[in-house]
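The same subunit A turns up in both complexes below, where it pairs with subunit B and then with subunit C.
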Partner chain A sequence: MSSRETAMDLAVRRPGRSPSAGRRSLVFALGCVGVLALGVVLTRTVENPYIFFAGYVVIQYVAVATGWNVLGGYAGYINFGPTAFYGVGVYTAAFLVKAMGAPLPVSIAAAGAAGALLGLAMGWMTLRVQGVYFAIATIALVVMAETVVHNIDYLGGASGLALMPPQAPAWAGGQPQFMLMVMLAIAVAFVAAARWIEISAMGRALRALKASEVAAECAGVPTFRLKLIACAISGAMLAIAGAPYVYYASFIEPGTAFSLALSLNAIAMPLIGGKRSWVGPVLGALLLATVQQAASVTISSELNILVVGVVLIAFVAVAPDGIVGIVEKLTGRRGA
Partner chain B sequence: MSEPILAVTGVEQRFGPFRALGPVDLVLHRGERLGIIGPNGSGKTTLINCISGTLRPQQGRVVFDGVDVTDAPPHRRARMGLSRSFQIPKPFTGMTVLENLLVPIDQICPSGDAEDRAFAVLESVGLLRRADHEAAGLSQLELRKLELARALVVQPKVLVADEAMAGLSEGEIDDVLAILTHLSATGIAVIMIEHIMHAVMRFSTRIVCLETGRVIADAAPEAVAADPLVQKVYFGEQTRH
Partner chain C sequence: MAATRREFGTLVAAAGAAVAMPAVWRSAHGQGAPIRIGTTISKTGALSATKSTLTGLELWRDDVNKAGGLLGRPVELVTYDDQSAVAQIPSLFSKLVDIDKVDVLVSPYGAGLSAPLMPFIKQRDLFTIGMFALAGNDATRHDKFFHSAPWGPDSKINWARGFFDVAKQNGCSRIAVLSADVEFAKTAAGGAEQIAAEYGMTVVYKQSYPPATNDFSSILRNIKAQTPDAVFVCSYPPDSTALVRGLSEVGIGDSVKLFGGAMVGTQYASLLTSLGPALNGIVSFALYAPEPTMANTEMTAFLSRYEKVAAEQGLDPLGFYIPPFAYVAGQLIAAAVTGAGSLDKAAMAKVLHETEVKTIAGPARFNAIGDWTERRVLMVQFRDIKGKDVEQFRQPGRQVILDPPSLRSGELVAPLAKARSS
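Showing the complex of A and B:
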């Protein structure tokens, strides 16, 4: 080959990776600040409280979908029981509110710890088995967690629990406004964490083990430990996303804390948006949850689940890389 | 001679009632170039799997660099300096060719100039132009080169190449042999599993021949080639090349 380029030529020619990566991170950080600022402005100006209740649900789904995707998207282990973690977060917060009127940060921290522990336990027991057994085990987890709650009278059992969570601080301008801001902060933090995982060596190692666990091991990736870490992070995120619900709703019951709809959405949103990058879950959640919120006045929740299921199947069959994948194909590039 | 870099003693691997390998004894010295030959299904890849840790043999020990690694997971052996390529390529799909090489660098020998090192290795195997391409889009031939590049980019102590040259042209075989010879000159011990006789004969300082899971010859290339037993089980039936 006469026109063979040398490594040095390419190394010089290629765009300096570190500076441009740094620039992209800066843009991302500014975007995060912008989103939070927008939240502050909206909570100060919008009058209709319904917006805050609906907005809370949509943003909660951004957090849930992002948390699920750390394990399901990056590591490729499909957790069919995200509500087990979400529900544990809800009930951890409920317990703390009932027992000691715990403030929100305490509940969030405790829920995160509980979710991480549950994730570790689930990973420890099931990660050695791949594929369908892992999926079955995650489904069983929901049933187990819900059964436990059903049998704890202190947590209201099957009939639920009314609570008096601490009120929002005065500067927040009201409970719905405050809860929206809290959930927005959580979602932004999750997305930032997910992006960090993605661009770090950890993300690369996760993608490697997703492609081939054996080859990843032989390339020095401690696959089992890495999967456990992904389980713990994902579990913590899902549980944290559940904790504020107690402060948002003041009444909780197993049916909503462990709802099938939430599980289905948590899986569907990243799959529809695209599970390879943080953009996918965000996009999927915003689209799907907004449509659901807008339509919830007119269609039943059963129909809702059916529609989500059909859309999900369509994407899995036709566009496995989701909306992000479609856009990449159309524009002919693979973004980071 | 100093302590061997790798010592396999009495290793036996069964799949159910079927004994695919062993008992096998094998010693590899530092900087040595060892060829492993043998008919299809004779247990070459199984031996490599036992050495790299992707299989846990029922019997025997594997000692790497003075440490008994029989119970160590593959990633620990890789971090100790044991590198292998796969006969059936296992690329990290979903990322670029360059990133494929960054994975082992991240894990085994992270450094600020990781990308430059990866580029240099990609150039040496002729994959430089593909650096920014998605690994899943490579041809079968390119995937073999990627396997080799990913294994040697970390400057291991032992490199095991499982049929890295299958399907390559004569010119490319020469290229790969040059790379491996150069590596060996820097002190890296190389195990080459290969059906391409002239390549393995040219490269190796010693050759081991496996047959139904047992070592039937372990000697200098000329001696192995002249061994009547080897000729009978291997050259006699070798029609592939």
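Showing the complex of A and C:
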């Protein structure tokens, strides 16, 4: 967001109701269907399972980055603990698989509910503080969640938990293909939800809140309630992104579910792509996760985190609005 | 235009050659192409200290290629860095199998990283050698999986049984169990309690602590107050260091005869040289110690070659723990391939199930799920350590083997206070 724009400018701008908005929404919907269709075609034509394993990781990051951006990008509340929600999603699914061999849709729904509840709880306790204090509180949430898991023997504790999740349905063509399609559907749904938030009244209110919380409050925006909703949505998305991991890896352990690298990526991807629009996290995730996947089997993966760090610093210093900001600057236009 | 009979014959011959050529080429290529061994190495991340696995495998590859390869084909290693991350394992092993088309797999280091691999190798029916995956195949029970480390059968409970055997021989009946709140340590502590119960010992103190703990003074005082005969400790390198230092500062009381057991880190030169004499009296596990009872020219030759590479690459200078068993992994593959006379996975597994394999770590026989039939985890007591020179750890008498009885090189010096002051 440009500093030239005021909270009120943003609050009154209503891109969702502009004459071209309907056309843009149609194109977006067709794009979503096209992406899903492409996924189906790929799972039917490509034989090499590696593509699906690697593709799953890349698309998972699209979902995670999009989920993080609802609170971190739209509301401007930097959450340093996205893995707390992701991990809760992973372990909710693991619990259900172990307890009752739950099918994937049940695990996803339960993980979403657990993530939303955790988001509400975190928001309730921490949203009265801002800036760095909020960020520290989110880090503490990861430590707490990981410690809780360490001490629950039923979930494998620190040792981790090996599970045999239900097999993929026969029509899917195999477990890796099925997992890719599931994650693709989740990512597309998240991106569609993020776009809806962006162009809705809620998005406008979030932008006003981000620009100046006091001004937004004075303009009648119910800031605390809005932040709570953003926390719950973001938490639910991150937890849902974690739920299929149990079915993907068949083994979970706290170190992976609450991994620092995943947190770093979840934050870096929207920053690199651009936090203001739904396009940013998608671009950032596709770019960074693909580079990381390629780097891990080509050049030394020691460079992985270095690549993330260097690219992040470069974008923060040179292009704080990310790739989307650069493109908008070059084409001379702005908008949702 | 109609073709003459000669033209038709030429055409048929050319078409036949065109159809047959790929198969001929593939066959010829297959015969001369390298046998590919695929694995991931934790070059970065929390397990990066285990990257000497690659050196062990490379030394084996060089030896086997110098001797003409396997089945007349050279051996090639295909490795990726798994970053010590479980999440990397499914995609990297799919890359190894589906794109790199490796013939044999070696698991990543440890049970945690190997766990996501197990369903994959079972589904694909792949021949795999396990690297330090304690009880890694107990749940999956894949019949083409073999451990390179001699944990022995039912290793989740039994791998540290030697500690309790020594405790029993020395009349210990009151046991304290202290463990880090992490994977390996909790597993070891769980097994310890079962064995203690089996031996009629009483667990008088049981405590786990968060992995980041670096001050053990209050825990050690608590243990001291319970007057145990033996303290079974399951710790990771940073806490092993803090515990040994705490022991020097706070002490543990005169009742304790045996202290240690499952202290990870005491197998590596970096920790041994940083702690030096503070290690005296402590008992911990090892897979190799330079004691006369383990004297083995092949192992000695391997370690002297490894030391040169380690010095160049900045690896663990001793290399007693991981590198020899990476070499053993290679020896198991070689035995399976040459015994089967092919890369047929079922035939390779049959060879290892039915025959004893001579390795640099001693003869290996396997049970149905690829455990060594004989547990060969050592319990060693550190003695006579002076200063922090690494060379002393290559000498006999510094890591005296207390268990197993077949490799014993000395008796326990007890109580601990006496062993530490001697």
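Everything that follows uses one rule, which is that the second predicted complex is superposed on the first by the 310 of 336 C-alpha atoms of A that agree within 3 Å, B and C clash if a C-alpha of one lies under 4 Å from a C-alpha of the other, contacts with A are read in each partner's own complex, and residues count from 1 in each chain.
As a convention for this text, a contact is a pair of C-beta atoms (placed from the backbone, for glycine too) under 8 Å apart; a residue touches a chain by one contact, two chains touch by 3 or more.
All figures in this text were calculated on a predicted structure; none of them were measured in a lab.
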> Can A:S250 be said to touch subunit B (first), subunit C (second), both, or neither?
Replying inline: second
>> Which partner chains sit in contact with A:G157 here, subunit B, subunit C, both or neither? Use first/second/both/neither.
In response: second
>> For A:N48, using the defined touch cut-off, is the partner it touches subunit B, subunit C, both, or neither? Pick first, second, both or neither.
In response: second
>> In the overlaid three-chain picture, which partner chain does A:P222 touch, first (subunit B) or second (subunit C), both, or neither?
In response: first
>> Applying the document's definition of touch, where does A:A208 land relative to subunit B and subunit C: first, second, both, or neither?
In response: first
>> Is A:S20 touching anything from subunit B or subunit C once the two structures are fitted on A? First, second, both or neither.
In response: neither
> Taking the contacts subunit A makes with subunit B in one complex and with subunit C in the other, which residues are shared?
Replying inline: none
> In the complex formed with subunit B, which residues of subunit A make contact?
Replying inline: 4-7, 10-11, 14, 17, 201, 204-205, 207-208, 210-212, 214-224, 276, 334
> For subunit B, which residues are in contact with subunit A within the complex?
Replying inline: 52-54, 73-76, 78-79, 83-84, 86, 90-95, 99-100, 102-104, 106-108, 110, 115-116, 119-120, 122-123, 128-129, 131-132, 134, 150, 154
>> For a test of understanding, state which residues of subunit C touch subunit A in their complex under the given definition.
In response: 43-44, 46, 80-81, 83, 85-92, 94-95, 98-99, 112, 115-116, 118-119, 139, 181-187, 210-211
> Which of the residues in subunit A come into contact with subunit C in the complex?
Replying inline: 48-50, 53-54, 56-57, 147, 150-151, 157-160, 162, 164, 176, 245, 248-253, 255-256, 259, 261-262, 293, 296-297, 300-302, 304
